[in-house]
Each structure stands twice: as structure tokens, then as C-alpha cells.
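Note that chain A is present in both complexes that follow, paired respectively with chain B and with chain C.
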Partner chain A sequence: MLRRRFPEWFVLLLPAIIVIAAVVLIPLIFSLYSSFTPYKLTRPSTLWTWVGTYNYEKILTDAKFWAAFGRTVLFLTIVLNLELVLGLGIALLMNKVTWGQRTLRTILMFPMMFSPILVGFQFKFIFNDNIGLVNNALQSMGFNVALPWLVDGKLAMFSIIFAEVWMSTSVFAILILAGLFAMPRDPLEAAKVDGCTPWQSFRHITLPFLMPFIFIAMTIRSLDVARAYDIVQIMTGGGPARRTELLWTLMSRTGYVDARMGLANAMGYVSILLSIVFTIYFFHKLSAARAQIGMGG
Partner chain B sequence: MKRMNILKALLASTSIVAAADSAMAQDWGSFDGVTIEAKLIGGEQYEGLYARIAEWEAATGATVDIISKKSHFEIDKEIKSDMAAGTTDWCVGSNHSSFAPQYEGLYVDLNDLVPAEVIAEFVPGIIGASTVGGELLMLPRAQFDVSVLYYLKSNYEDAEQAAAFEAEYGYPLTVPDTWEQVKDQAMFFADPPNFYGTQYAGKDEAIVGRFYEMVVAEGGNYLDEDNRPIFNSDAGQRALQWFVDLYEAGAVPAGTTSYVWDDLGQGFASGTVALNLDWPGWAGFFNDPEASQAAGNVGVAVQPMGSVTRTGWSGHHGFSVTNDCENKDAAASLVMFLTSEESQLAESAGGSLPTRTAVWEANIAAAEAGDDPFRAEALAAFAAGAEYAFAVPAIPEWGESTNLVFPELQAAIVGDKTVEEALNDAAEAVDELMRESGYY
Partner chain C sequence: MTEVNLSKVVKFYGKHRAVHGIDLAIHDGEFVVLVGPSGCGKSTTLRMIAGLEDISDGEVSIGGRVVNDLPPRERNISMVFQNYALYPHMTVRENLGFSLKVAKKEETEIEKAVDEAAGILGLDELMERKPAELSGGQRQRVAMGRAIVRHPDVFLFDEPLSNLDAKLRTQMRVEIKKLHQKVGNTIIYVTHDQVEAMTLADRIVLMQDGYIVQVGTPLELFNAPVNTFVASFIGSPPMNLIDGTVSGTDTIKLAGGLDVPVPAAARGQVTDGQKVQFGFRADNLMPEGHAVQEEGEKANLELTVTLTEPLGTETVLFTDIAGTEVQAKMLNPRPVRPGEVLKFRLMLDKCHVFDANTTEAIRG
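Right after this comes the complex of A and B.
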């Protein structure tokens, strides 16, 4: 009798495959299935009603969803660029520090150690129009104003961007600093001998070398920021009048408060497109940047 | 003042001991060895009652295991997750009149478990608001909510200010009795950013409830008999215009659209808001010198009128028994105990409003006979205010509809849309929800 044997590599990987299937694959398939149903948490029987692409059609024609989608892209773009510029600046300054650099690096990571919910509450208080620190500081400097930081469309967006940037700029700084540490000194010294200005050295030697690190940071942060939820939910809840509504505040309200999990899952699958597009774009740029400094494609 | 607090504490503990004595005397049944799992609302004003559970345990031999204690919004999410996962074999859950219709099939009809004479002891309107589709889904605890008008008394004691107001608005400055007067006075008193005329809840269900009661006060309604949205009527537009006018005039804090109950309570307690429509639970806090800068300066009046009637959005808390509970009799006994006359006397001693007729009467008599004129004034206002109370539509879609409506109300308030555009957009969205839900 022939007894079929699984290849060794498969047997060795089987426990991992089972675990991943249980915690990732099955929930993924289940949520994809439920996005084709009118599944309401409070009416479990609705899970077995097939409505085809109804939820997707509803989303694709829903101006509110696309407004939240567009706002998320805008939020993502501004946050990533600000974090990059500030992170690069901090890393370059940090690289010049000769004494106490380790302590500084630890301090730099403090904001990352806070839970996003705490950061949300902290900035909700700081930007409160009535009892907040910022307005009180402005008033004690003689400005008799109460700026509605969390209400005005532009100020509210600024406030949540500020909180997000405050918390996560150090991710960029730390990754870029790692790049600076790994950088060979020879090209910089050669450039100095050849009479390059500091700007020329930075623009043509340091920056190209750092680009792979920057794109890795960009990829990681783009996935994080596209899922921004805690800080926004605490600070503005997506309001007022949907002025700060992002994909995840919309999705969580639809799924958990309105209990329309089928619709929320459909929103989730459409919004995954955003993360996929950004990831492909940054990986493409990463390969190009690696090729440019001779690290292969 | 400390002596007063000690006195109050002693009185409260005396009433609890008295209530405990009678609890032992009443027959709550015998449920030896039974464990009742409960999911209860948490928070300072709700906790006092749970201390009494030990009395019920001693009387019945059963044990209560509180497996979850959270705010109502968190409990709501947890219960919905339980319903989705089918893990609803716990027995007793906190419930609220605004949430109850959502939990289809989760809770038993208490008419089958609670004697009719016990149900008859509650205020009939509140039993009506606890009944969905003919089923009594919860027994109400002493946490009945209808808002009244809190105001700073000092604003009405300044002759110069009164003369200036009368010169500008053409009628004497007295505590407002209509929402138009509230608007005039709020604009008159406002001196932003140091002092505001009034404030209102600005997001979530809170602002929709406030808008809803204004629509009713203006002679309109939120939904018609078929559950079609009709809040974009003329009455609805007048109601929303009131919020918009106050915001545009700077008579409310600029951040009011992000405020809910805690922000509003703290705002009035900071002494920087002249007029504040708020819930009964805040009365004690507002007049507590250790918590509130407005203490000693707080007046309480019945809620003002719109052009047709007074506002009166109301709700109440209660306890329900799940269908999947193994020992429903024990669970019903616990619910009856938590909502009994003794429990309501003890709970309402903290300032909340009872839902039993006899306890209302006892509280008013005690306040009149006592030496706390503020408490007597507040209770009289609540009693008058309760006459205009109405509950939200008893349909599962109420909560979801508020999520569609509140961003539109905000859009009108902050000037992104006109009142008419905002209400039409909101009505269109609610119409789609009602159609999808199969009402018409």
C-alpha cells in the first residue's frame, strides 16, 4: 500500500500554517463573506442573508464614505511628509550630538511609549476651547480669544495632525538615525576633499543613502496612519459635521454603534485598497532607491 | 458645611439601614446556591445601589457575580457583541429606554415574571416607556431623567443689569419661561471667552435628543406614525435655527459641538454659564461647594416652552432579565429587589429621580419638611418637568438614526449648510434607513 507522505518542510510549517489560518485567514474570509450580507450584530440571523454586492454599491455611491476616504488620503499625505521632514531634522541633529546621545535617543522615544488613547486625551485637553492649555496661554499673553481648536474645520484637522505627528515622528527619527549610523564615512570625506559644500554632501551623498530607510519608515507609517483611529476618536470623534471623519472613525461607528457589521466590513475591504496602493508605491520607490546606491533592486 | 455633609451621610445611611431591614422582611424567594451573572452600568451615581445587593444575597442564599460594569455606551457595544457571538447566558443586564428596542429577542417579557400589583406601583408612563411591542423589557430603577433649567441666581439680582436688559429687549429680566427668552438672555449675558449665556450638547445622540425635544416644543415631531422622518418641517427648522442663532452670536462656547454631558455639567459648575438645561443627576453636584463654583448661586426652574409646549425628552434606566438565563425567577427577584420601594428610596436619597409613585411622594414630602430649600426647589421643578416628559421612538433604529442626523445638525450650527439643507439631507438619510429596515 502506498502511503502518501507530506514533504518535511510542509510538516514543519504546519503548526504555523494552522495558527495563521485560525487567527488571520478564517476571520479574513469570514469578514469578506459578511460584507456580502446585511449582517447586523443585534440580528445574528442576518448573517445568512446573501445580498450580493449591495453593500459595495451603497459605499461606492456614498459621498460621505468617499469624503472620509479623501480626507484619510489628505491626512496620510500631510502626516507622512511632516513626520519625514521633522524626523530627518531630528536624526541629523542627533547624529551631531557627541555627549549623552543614548539618553537623548531614549527621551526621543517617549511619545511612542504612550497609548494613542492617552495621547488623544492629552491633546483633547490641551486644545479644549474653554479650559485648554493653548487658549489659556493665548489669553494670558493678552489675546482675548477662545479659538475653537477642535471645532473649526482647519484647526480641528491641524489639531489631530499635530497629535499624530507628536506621537510618531520619532519612528522616522530612529529609523533615519539607524541609517546615518550605518553610513560609510569614506564618500563624505572624499566629498569634503573635493570641495563639496555641506548642502551638496547632504543632497548627493547622505540623502540618497538614507532613502531606503526613509521608504521603509514611510511604508510602516502609511499602514499605521491609514488606520488612524484612537487619537481622532478621542479628540473629535470625526466631527463636528464630519470635518475630521476618517475611514476608521466612520467604519467603527457603522460596525459597533450602528451594529451594521456587514456594511462596515465592506468599507474595510474598499479602504484596504488605499493601504495596498501606498505599500506598492513605497516598495517601488524603495527598490529604486536601493538600486541607486548600488544595493541591488 | 462639613457638618452638613456628615449629617446628610448619616441620614442617607440611616435610610439605607431602614431599607435593609425591610428588605430582610420582604420575601425575595429562596435560591440557595444559584449564581446570577450581571452586566451593570458603572459610574458614581449608579454604584450606591449595588452595595445593597449583599442584602438580597443574604435573604435568598443566591450569589450575584457582576461580570461587567461599564458606561452605558460601552455596555451597549458589549451586549451587541454578545448577541452576535451568542454568549447571552448571563442573567441580569442594565438597560435604558433609549437602548432597549435594539436588543430584539435578548430580554424576557417581565409581565410573565413580575406580579401585576408590583408593576402597578411604578409611574404608568414609565412602565409604558419600558414596554416595546407589548413586552415589558425592564423594570425601572430610580434613575428617571428629564431636563430642567438650571440658572445662576445672581444674574437676576442686579437692578442695573435688569434695567439694561429691559431697555434692549422690551420686557423685564426674569428667569426665562420660553426658549425665545432663553435665547435673548443668553445673548445678553454672554461675554466670551469669559462668560457664556448658555450651552448645549453638540454631538452624538445627545444633540439629536435636544433637537428632538425642541421640534416637539415647536409643535412638530421626529417621525410620523409610519416612522417616516418629518423633522425637516417648519417646526424642525425653527428648532434648529435656535441652536444656530446662539452659536453664531457667540452666546455658547465655541467648542459646544464637541460637548456631551460631562463637559456641560463641568461647564455650568465652573460658574461661567448663565443658563443650562440639564439632567436631575447634576443638581447635588452643582450646589456642592467642594465641586462647583456655582454652589449657593444655583436656581432650578421647570424647562422653558417652545411656541407650543415645554421640552421634555426623557429616558430612564432599568434592569432586564435575559431569555437565556438559567434561573429566571432568581434573576427577576434580583431585578424586583433593585427596583423596590426601599431601593428607590435609598437611591433617590442621592438626588436621582424615582420611578415609583410612592417614592416620588415620599421624597417631595421629605424635602418640604426638611431644611434644604435647594433640594425642595429642585424636586418641585423636576416634578413639574416630568409632566412634559416623553420618550424617544421605541424602534431599534433610533440610535442609528441619531448617527445620521447629528453631523447634519452640526453642519448647520457651524455654518457648513443652511438649516433647510441640513435637515433635508438628514431626513433623506433617515428615510433610506427606515426603508431599508422595512417600515414602508
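Right after this comes the complex of A and C.
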């Protein structure tokens, strides 16, 4: 009998290939397939009905989906920009600190160490309209109000953004701080001698050097925020009346509450496009910024 | 008119005192070189003049204006850094024009000034490149171009040539000197290399451990060093120094038993029994038949050559006087083998005497 001989590298990689296939590839193919079926969790036999692109057509005309899509893009834009501005500010301040910087850096990482679920609960309590910290603080300062933080649509969105920014600004701060540490001192001194004000030095020398670090943070965070689920689910559950509904809360509602898994999977595939677009955009910017400061494309 | 004046300037880094109250007056258009061994406070002094370091005490004035509390941008100086400090994300053209751009000058004016500087330094071909695409010598030139574009009152150079190879260094040295002749500004130049100092300076400021040891023209420092440190720092090879004791008023007994007369300049300044160091340069100890013909008092010595360093027009001979290694020079050299015994002539008029305790020169 002739034994087929596999090349050695293949044999060595086989366990890894099998594991990856089992946990990534098969679910991926399964979910892609099911997005072309009317698959309902409560009626498993629906998995075998092929409906072609029906789910996708349905999504394209679904106002609820597009509302969530637009809200996610808005959420992403506001959160990323806020985190960038705050993170940059924190990093610049930290860079000036000469004493106890190590401790400060560790403290800065604390929010990242909490599970998002806990952060969700924490802010759900803080923003609670009856017993919450914010309203209590407002009242003891003499404002006789009970703002419906998590009930009013706009305020709820604000509260969620606040929680998200609180949790993850340190990603920007840490990466930008790393950039500041890696920054050569000479060009800054040359700029001083060349007549730059501190603002001009920052604008023309420091910022171009930090851009690659900023875009790395942007890429990481855009993938994260586009998947925002835990905090939103805990704090508002997408409510009130879907006014804080983001893509992932909508998907989980469709998939698990309404049990329409085929449709939810189709939504997943459409919304992945969003992440891909952001990633490509930021990577493009990243390599341009790297080339700018002579780090090569 | 742009004089630079330092008066009792002190620099503390924490508790460490890096510069000990130095006084220095630099005239308009003068090329002054701060030289000294590594760590003696040259860069610190220069950076205080530039405004990149705080002045702990004392006063710095540029063009009659006290600048202690002015930021660098208000001092109208340019600085060339040791590792060039070009802006990596800007082209050569942008690097050159940057100072004018932040000063909000007209586009056309910037272009004119940049082209002029590029012309002076031969950068025309490189204008659209980034610093990463330039060789060391080209980067150095851009750094210099960036300094001259602004027409500053004073140029500050901090070891601008020490990252270049020997040949390029010599070449750039000439260019810097030409640049000074062309623009005529005051230049303060820091280096640890005494050859650079000698070749470039109108006046040399020799520093040691945060103090100024001697200020003078290159020839003053070469011919009349104030102490043994200056004597061994300036000139190559360094001055030969031999321990000795004064005997009577006219004779110095060297450690190994050899007697030499007290050089004319020091006569009457020494006392019997004084411990001294007897110094002379290699140029003043030459083998017979290979020496400069010069009038003056001479001493004849027979010495064994231990090592030779042929340099072409001359050979440096290593030998031994009274147990101390000394170097001599041979003009129109012929091959010499180690171990060969030659007759040497020591030019006594050119010799120096230093007090062994204070290391200071004894001179009338």
C-alpha cells in the first residue's frame, strides 16, 4: 500500500489547523450559510430552507437596522474623537510629570482592568435617576432636578458615551505616551532655536511624530467600539424605545430574543463591512503617517 | 554689533555643579572655539547661551541685551547640533525654510532665502529629499543651511563634525571656515578635538571640569600654555613632561640624573630645590641632520629609539629620557629601526618649566 506522505510542516501545523477550523472556520461558514436561510432557533428545520438573498434585501429596507447602523457610526465618531483628545491631553500632561510617573501610569490603566459588564453596572448606578450618584450630587448642590439620565434618549446616549470614554481613553493615553517616550529630543530643541512657540513645536514637530501612534490606537478602538455591546446592554438594553440601539444590541435582540438567527447573521455580515472600511481607512492613514516621519511604509 | 558676554555663569544639575562661574567676552564677528575633554561643561555652556538650559546663576547677554529669561526664539541665534537634529518628516527644502515659515514670512521671501542658503552649501540637487535619504555629510550641510537661512546674530555649533569620518571632517572644517569668512557672524563652536580648535578659532577657550583654564589665540595656547593641562591638551603629539628638581639657580636635575639648564624665560623665577616639570614639544627634540636649523641654545643628547611612527614628511620617534617616555620628530625622515641610538638636539629656548605642585607655568 502506498502511503501518502504529507510535508512535515503540514503535519506539524495540523493540530492548529484542526482547532482553528473547528472554532473559527466552521462557525463562520455556518453563519454565512444560515444568513441565506430563514433559520429560527425555535424551529431548527428552517435551517434547510434556502431563501437566497431574502434576508439581505430585507435588511436593506429595514429602517430599524439603518437607524442602528447610523447610530453606531455616530457613536464611533464621537467616542473616538473624545478619546483621542482626552488621551492626547492626558499623555502630554503625564509626559511632563517627573515624579511618581510610574504609579500614575498604573492608575491610568485601572479602567481597562474592569470587565465592561461591571463598568456598565457601575454607570447604571451612577446615572440612575432616583438613587444615582449624579442626581444626588446635583440635588445636594441645590439643583432641584432629577435628570432622567438613562431614560431620555439623548441623555442615555450621552451616558453610554461617557462610560465608554471613561473605560477606554487610557488606550489612547498609553499609546500616545509610548510615542512621546520614543520621540527624539533633538528636533524639538532645534525647533525651539528655530523660533517655534511651544504651540508651533507641538503642531509641526510633536504631532506629526505622534500620528502613527494615534492611528494605531484609532484602528484598535474602532474595531472595539464598532462591537460595543456589553455596556449598552447593561445600561439601557438599547432602549428607551430603541433610542440607544447599536448594531450589536440589535443583532442580539434579533438573534436571541426574536430567535431569528438567519436574519441576525445577515446583519452581522453587513455590519462587518463597517469595521472593514474603518480598518482600511486607518491603516491607510497609518502608513502615510509612518512614511511622513521617515519610518518607512 | 553682536557681542556675547558671559559673566559669572554657573550651572547646577541638581546638586552637581557642571559650570563654575565662568567669565567670557566674545567680540562681534569673532570665531571662538570652546574646547576641552568630554564632560568639562562645553555643551552646557553653549546650551545656556542658546537658551536650552536654565542659567543657575550669573548673566548671559547677547548684543548688549541680558537674555537669561528669554526663550531661545527671542535670542536670534542658530544652532547646529552634533547629530544634526533635522526634522525627519520634512524635505530638505522644508527643513531649511522652517524657521522662516514659523516666523510667518512671505512665501517668496522664504523661497529666496532658502535658495540662497542652498546655493552657498551646494544643496540644490537634494531639495526634495527627506533627511533619511541623505548621507552624513549631506545632513550636516542641511543642518548648517538651516542655521544660516535665518541670518542670526550668533551661530552656535555643538561638535558638528564628530559624527563624520576623518576625511569628511577635514573637508567640512574648511567649509565652516569659508562660511565664516563669507557671512562674518559671531560663531561659538564647541569641540573636544584640539585640531579643530586650532584650525578654526580666532580665539580658543580651553575648559576643564567646568572652569576656563586659558583663553587666547591658537598660537598663544600652543606657545605659552599656562599649565601642564593646556600643554598636554593642545598640540599633537602632546608636550613631553619630565619630573625634575631645580639645583642652584641655573640647573634642573631631571629624575634619571640628566642635567639641563633652566630655560631663559624661567631664569630668576625658580628657587633652589623647587620641584618642577620640564616640558618641551616633539618639534624641539630632533635628531642631528634631520632638524630645523635654528639659532639658540641647544643641548646634545644620545637617545635610544623605541618606536617609530612614519607620517611621510616627518617621523615621530619614541624614546626615553630619564625613565620618562618622550616623543621627538625627525624631518626628511630616513628609515629608523627600534633600538637604534641617535644623537638628538634639544632646543632649550623653546622649553617650558612648570611648578610640580601647582602645575602652573613658570615664566617671566
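Keep in mind that, in the parts below, the second predicted complex is superposed on the first by the 281 of 297 C-alpha atoms of A that agree within 3 Å, B and C clash if a C-alpha of one lies under 4 Å from a C-alpha of the other, contacts with A are read in each partner's own complex, and residues count from 1 in each chain.
Following the convention adopted for this analysis, a residue touches a chain if its C-beta (ideal position, glycine included) is under 8 Å from a C-beta of that chain, and two chains touch if they have at least 3 such contacts.
On a predicted model such as this, the values are computed, not experimentally measured, just so you know.
Enquirer: Based on the superposed arrangement around chain A, label chain B with chain C as either clash or fit.
Expert: With chain A as the common anchor, chain B and chain C both fit in the superposed model.
Enquirer: Check whether A:Thr106 is in contact with chain B, with chain C, with both or with neither, and answer first, second, both or neither.
Expert: In the superposition, A:Thr106 touches no partner, neither chain B nor chain C.
Enquirer: Who does A:Phe209 touch here: chain B (first), chain C (second), both, or neither?
Expert: Second partner only, chain C.
Enquirer: Which one hits more chain A residues, chain B or chain C?
Expert: B
Enquirer: Please state, to the nearest 10 degrees, the angle that the Cα centres of chain B and chain C subtend at the Cα centre of chain A after superposition.
Expert: Vertex chain A, arms to chain B and chain C: 150 degrees.
Enquirer: Have a look at where A:Asn81 lands relative to chain B and chain C in the superposition and call it first, second, both or neither.
Expert: Touch status of A:Asn81: no partner.
Enquirer: I'd like to know which partner A:Cys196 touches here: chain B for first, chain C for second, both or neither.
Expert: Only chain C; A:Cys196 stays clear of chain B.
Enquirer: With the two structures placed on a shared chain A, what shortest C-alpha distance in Å links chain B and chain C?
Expert: Minimum C-alpha separation, chain B to chain C, in the superposed model is 52 Å.
Enquirer: Can you name the residues of chain A that touch chain B in the complex?
Expert: The touching residues are 41-44, 128-131, 135, 139, 144-153, 236-237, 239-243, 245, 253, 256-261.
Enquirer: If we count contacts the way the header does, which residues on chain C are in touch with chain A in the complex?
Expert: Contacts found on chain C: 50-52, 71-73, 77-79, 81, 83-89, 98-99, 102-103, 130-132, 146, 150.
Enquirer: Where on chain B is chain A touching in the complex?
Expert: Listed in rising order, the residues are 77, 80-81, 83-84, 86, 102-104, 192-193, 202-204, 253-255, 257-258, 267, 270, 272, 396, 399-400, 403, 406-408, 410-411, 413-414, 416-417.
Enquirer: Write out the stretch or stretches of chain A touching chain C in their complex.
Expert: Residues 184, 186-187, 189-197, 200, 204-205, 208-209, 292-294.
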